[in-house]
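These are the structures, in C-alpha cells.
Presented sequentially are two complexes of chain A, the first with chain B as partner and the second with chain C.
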Partner chain A sequence: MAAVGKTMAYGHSESGGGRGGFLGARVPAEVEAMARAVRDVDKETFRRLLKVTVNALEGKDCKESVKLIAESTNLSEEQLAFLISGMYTLLREALRLPLSTFKQEVFKEDLKELRIPEDFIADFSSIVFGNRRPVSEGTAQRSRLPSVQDFKWRVDVAISTSSLARALQPSILMLLKLSDGTAHRFEVPVAKFQELRYNVALILKEMNDLEKRSILKIQD
Partner chain B sequence: MAAAEQQQQQPPPPPPPEGCRPLSALLGGIAQAAYYGKAGITEELLRRQLYPEAAPEEFRALRAKMGGLLQSIASADMDLNQLEAFLTAQTKKQGGITSDQAAVIAKFWKNHRIKIRESLINQSRWDNVLKNMNWRVDLKSQSRHIDQINTPVAIVEMELGKNGQESEFLCLEFDEAKVNQMLKKLSEIEESMTSLTQAT
Partner chain C sequence: MAAPIVPETESIRKAVSLLNAVAAGRFPRLLSRLLQKLHLKAESSFSEEEEEKLQVAFSLEKQDLHLVLETISFILEQAVYHNLKPAALQQQLQSIHLDQDKAEAFASAWAAAGQDTIEKFRQRVLTPQKLETIGWQLNLQMAESMQAKLKSPRAVLELGVSNEDSKNLKKVFAEFSHQELFEFYNKLETIQAQLDSLT
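Here is the complex of A and B:
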C-alpha cells in the first residue's frame, strides 16, 4: 500500500483504454490511486470512509472521524487521506452532473473501467443516485450572491423627538437575515417603502415576462 | 391701516435693512445650517452678505431672535392657523417682531415647511436607512447545468446609509419564489400601515 501511495504521484493519463467517462479523458490521479488501493480495503472500512467523504462534501469537519478510522484499521493516516481524496473527487465530479442526463448505468460502467470492486460501485451509486445524495455547499456553484433567508419587519410611529415635538411619523424597520449568515437592520421611510414595493412588483412582472418570452427552451 | 395695506403689496426693489429680502435670505441661511446640514455658514458670513451696515452685536441679536422663532415653529410643525396666532403674538410682545417681519417669516415657513420637517425627522434616524435600490433580472442562456436555464434570477442592490456616513451596498439574489415571498410580506406591511393611519 505504501507502493500504491507512491504511484499516485505519477498518475496515468489513461485508464481502461482511455475512454472518456464522466471523469473526463484524463482520470484524476487521486481517483486512479484510490481505485487501486480500495481493492484491499474491507467493506466496513470502505463504508466508514464513504461516510467521511460524504460529510466532507457537505462541508462538515472530518478530522476526528479520520483519526478514529486510522486508529481502528491498519491504514496510515496518509493512506486514508489518499483514499478519501480520491473518493471525494469521484463523488464531487459525479454530483456536478445533472440527473436528467447522467444515468446510473453510465456511472457504474465508468467505475467498472476503473476496476473498483462491485460492492463499492453499488455504494458509490447509492450516494449519487439514491436519496442519500448530499446537500452540499461546495458543489452547488450557482449562487454568487447571498439571498434572503428571513425577513422580519416592524412599523414604528415616532411620537415626539428632540428635534420635532409632534412627529407622529410612521416608519418601517426591517431585519434581513441572509444566506451567508449576516443580518442587516435598516429603516425604511414611508415614501421609500412605496418605491420598494413598486420595484419588487416590477421585478416579478419582469420575471414572468421573461419566462414567457424565452425562446431558449431546452427540452430533454 | 396704511401698514396693513403695505403688507399686501410686493416689497419695493431696494429694501431697507429690515426689509423682506435680507430677512428672507437670513432665514434661508439659518435653515441651511440648522436643517439642511450645510457647513460653513457662519454668522460673520451672513452679516457681511445680508446686513453689511449692521454692527456685529446687533446682527447677532437679530440672528438669534429669528433662529429662535424658526426653531419654535419647526419643532411644533405649525400649520397656518397656529403660525398666524404665534406670529401675531410675537408682534405684540416687547422686543418682538414687526408685522413686516412676521409676513416674511410666514412666507418662508409656507415654502420650507415640508422640507424642514423631513430634515428634522431624519435627524432622529440613527440606524441605517434605505436610500436607494437598483435591480436587474438575469436569465441564463447557457449553463453547465441544464436545469438552470430559463430560471430568471433577480439581482438587487440596496443602498443603506446613515447620516453623514458612507453608504453600504447590499447585493442580493432572488429567485422567483423569493420575490413572491417578499412581495407578500410588503403587502402585509402596507395593510398594517393603512389600518394604523386610519386609526389615528
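Here is the complex of A and C:
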C-alpha cells in the first residue's frame, strides 16, 4: 500500500515541522485523502468513523457498523472508504511507535501540518495517548515463534529395569506446552540436562551483556 | 553358591559344546565385538557377509553359528543384569562346563569392557522420545509489523527430540524474552537441586 513511502522515510526524525513527521517524508495517499475529506464531516459522524476504525485496529468485524454509517449519512461509499482507510493508517502508524519516545505534542503538530481540524486532532490524540488506546489482540505475537506456556517436569530414579537388576539411574521427564497448542513430552538424560542448563545460562549471560552495550543506549 | 546365572538348558548345553569345539584364536575379538553392540536393541551385530566369514572361521553351520552368537549375547546380558564381577562370570561359565580357556576369555573381555557396557545400558530410556540436541540463537529484535523501535533481545531455543520409531529428529522451537528465559532457567535450577539431593 503506502509501504513504499514508509520504508524510505523511516528513521527520520519524528519531530514535525515541514516534511517529515511520524508518517514519514511521503504521507500515505489515503491519509492525505482522508485529511482533505474529513474537513467536511460533522463531529458526530467523525466520532462514529473513529469508533469503527478503532474496532478494526483491535481486529473486530466492522461490516455492520460501516453499513449503518453509510445509511445514515450522505457520504458515498468511496468517501467512506477514503475516510476509514486514512484514519486506520494514521492510527496504526502512530500506535507502532513506543510512547517513551513519541510525544503527544509532536503527534498534534504533525496532524496540524496535514490540516486536520483541531477537534479531530484532539480525538485522534486521545486514542493514541489516552487510556482508550486499542489493544491489538496480540498481533505482535503472531510474528513470533511459539513461547513456552507451561513447563512440567519430574525426576525419576530407575531402581531396576529389565536389563539391570540394580540400575539406580536418575532421569528427567519434561512436558513442554507451547503457545501454539503443541505439547512435547520427552526424556532428558542427565548429561543432556546439564548441557541444556549450561546453554540457557550462557544465553542469559549474553543477553545481559547485550543489554549493557551501547547499541541499546542509542536514543531514538 | 547363588542360583546359577546361566541355566543349563538343552540349547545352552549344545551351545557350550559348540563353543568348546571352536578355535580359540578369534574368540576374544568376537566377544568384544558383541559387547560393543549389546546395548543396541534391534541391530544384529553382524552383517550377512560377516556372518559368512564367521561361519568359515569357526567352521560352523549357519544355524549353529546363530545359536552360538545368541548364547554368548545371552550370557553377556546376564552379566550386565547382575553386574557380575569377572571372576564370578568365569566361575559361572566353568560350572556349565565351558572350557577354562574360553571362560577366561569371557572374563578378560568382561573385565575390559564390562563397566562401559553396563553404563550404556543404564543410559537406555524407555520413553520413545528423548532429547538429543540443543541449539540456540540470540537475536535483537528491532521491529515488527505492529511495533517499531523495539530493541528487544530474544532467544530462540531449538531442541532436537528423537523418536524411537522414526529416524528423524523432531525440532522443537521456542522463543523467549529475557524474563521468560530467566523463569525457565529458575525451573532448571530447581530440577538441578533435586538431582543434587539424590547423591
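One rule holds for everything that comes next: the second predicted complex is superposed on the first by the 121 of 220 C-alpha atoms of A that agree within 3 Å, B and C clash if a C-alpha of one lies under 4 Å from a C-alpha of the other, contacts with A are read in each partner's own complex, and residues count from 1 in each chain.
Quick note on the criterion: a contact is a pair of C-beta atoms (placed from the backbone, for glycine too) under 8 Å apart; a residue touches a chain by one contact, two chains touch by 3 or more.
Small disclaimer: the values here were computed from a predicted structure and weren't measured.
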Discussion item. Quick check on the superposed pair: does A:Glu206 touch chain B, chain C, both, or neither? Answer first, second, both or neither.
Written reply: both
Looking at A:Asn74, would you say it contacts chain B, chain C, both, or neither? Reply first, second, both or neither.
neither
**Asked** Given the touch rule stated above, what does A:Pro146 touch, chain B (first), chain C (second), both, or neither?
**Response** both
Tell me the contact category for A:His184 with respect to chain B and chain C: first, second, both or neither.
both
Message: If we overlay the two complexes on their shared chain A, which of chain B and chain C does A:Asn131 touch? Say first, second, both or neither.
response: neither
Quick check for you: in the superposed arrangement, does A:Phe193 touch first (chain B), second (chain C), both or neither? both
Intersected contact list for chain A, partners chain B and chain C 96, 98, 101, 143-148, 151, 153, 155, 157, 161, 163-167, 169-174, 176, 178, 184-190, 192-193, 195-197, 199-201, 203-204, 206-207, 210-211, 216, 220
Counting only contacts in the complex, chain B reaches chain A at residues 74-77, 117, 120-121, 123-125, 127-131, 133, 135, 137, 139, 141, 144-150, 152, 154-156, 160, 170-176, 178-183, 185-187, 189-190, 192-193, 196-197, 200
Listed in rising order, chain A residues that touch chain B in their complex are 96, 98, 100-101, 142-148, 151, 153, 155, 157-158, 161-174, 176, 178, 184-190, 192-193, 195-197, 199-201, 203-204, 206-207, 210-211, 214, 216-218, 220
Chain C contacts chain A in the complex at 77, 80-83, 118, 121-127, 129-132, 134, 136, 138, 140, 144-151, 153-157, 159, 161, 170, 172-178, 180-182, 184-185, 187-189, 191-192, 194-195, 198
Residue set of chain A touching chain C in the complex reads 10, 95-98, 101, 136, 139-140, 143-148, 151, 153, 155, 157, 161, 163-167, 169-174, 176, 178, 184-190, 192-193, 195-197, 199-201, 203-204, 206-207, 210-211, 215-216, 220
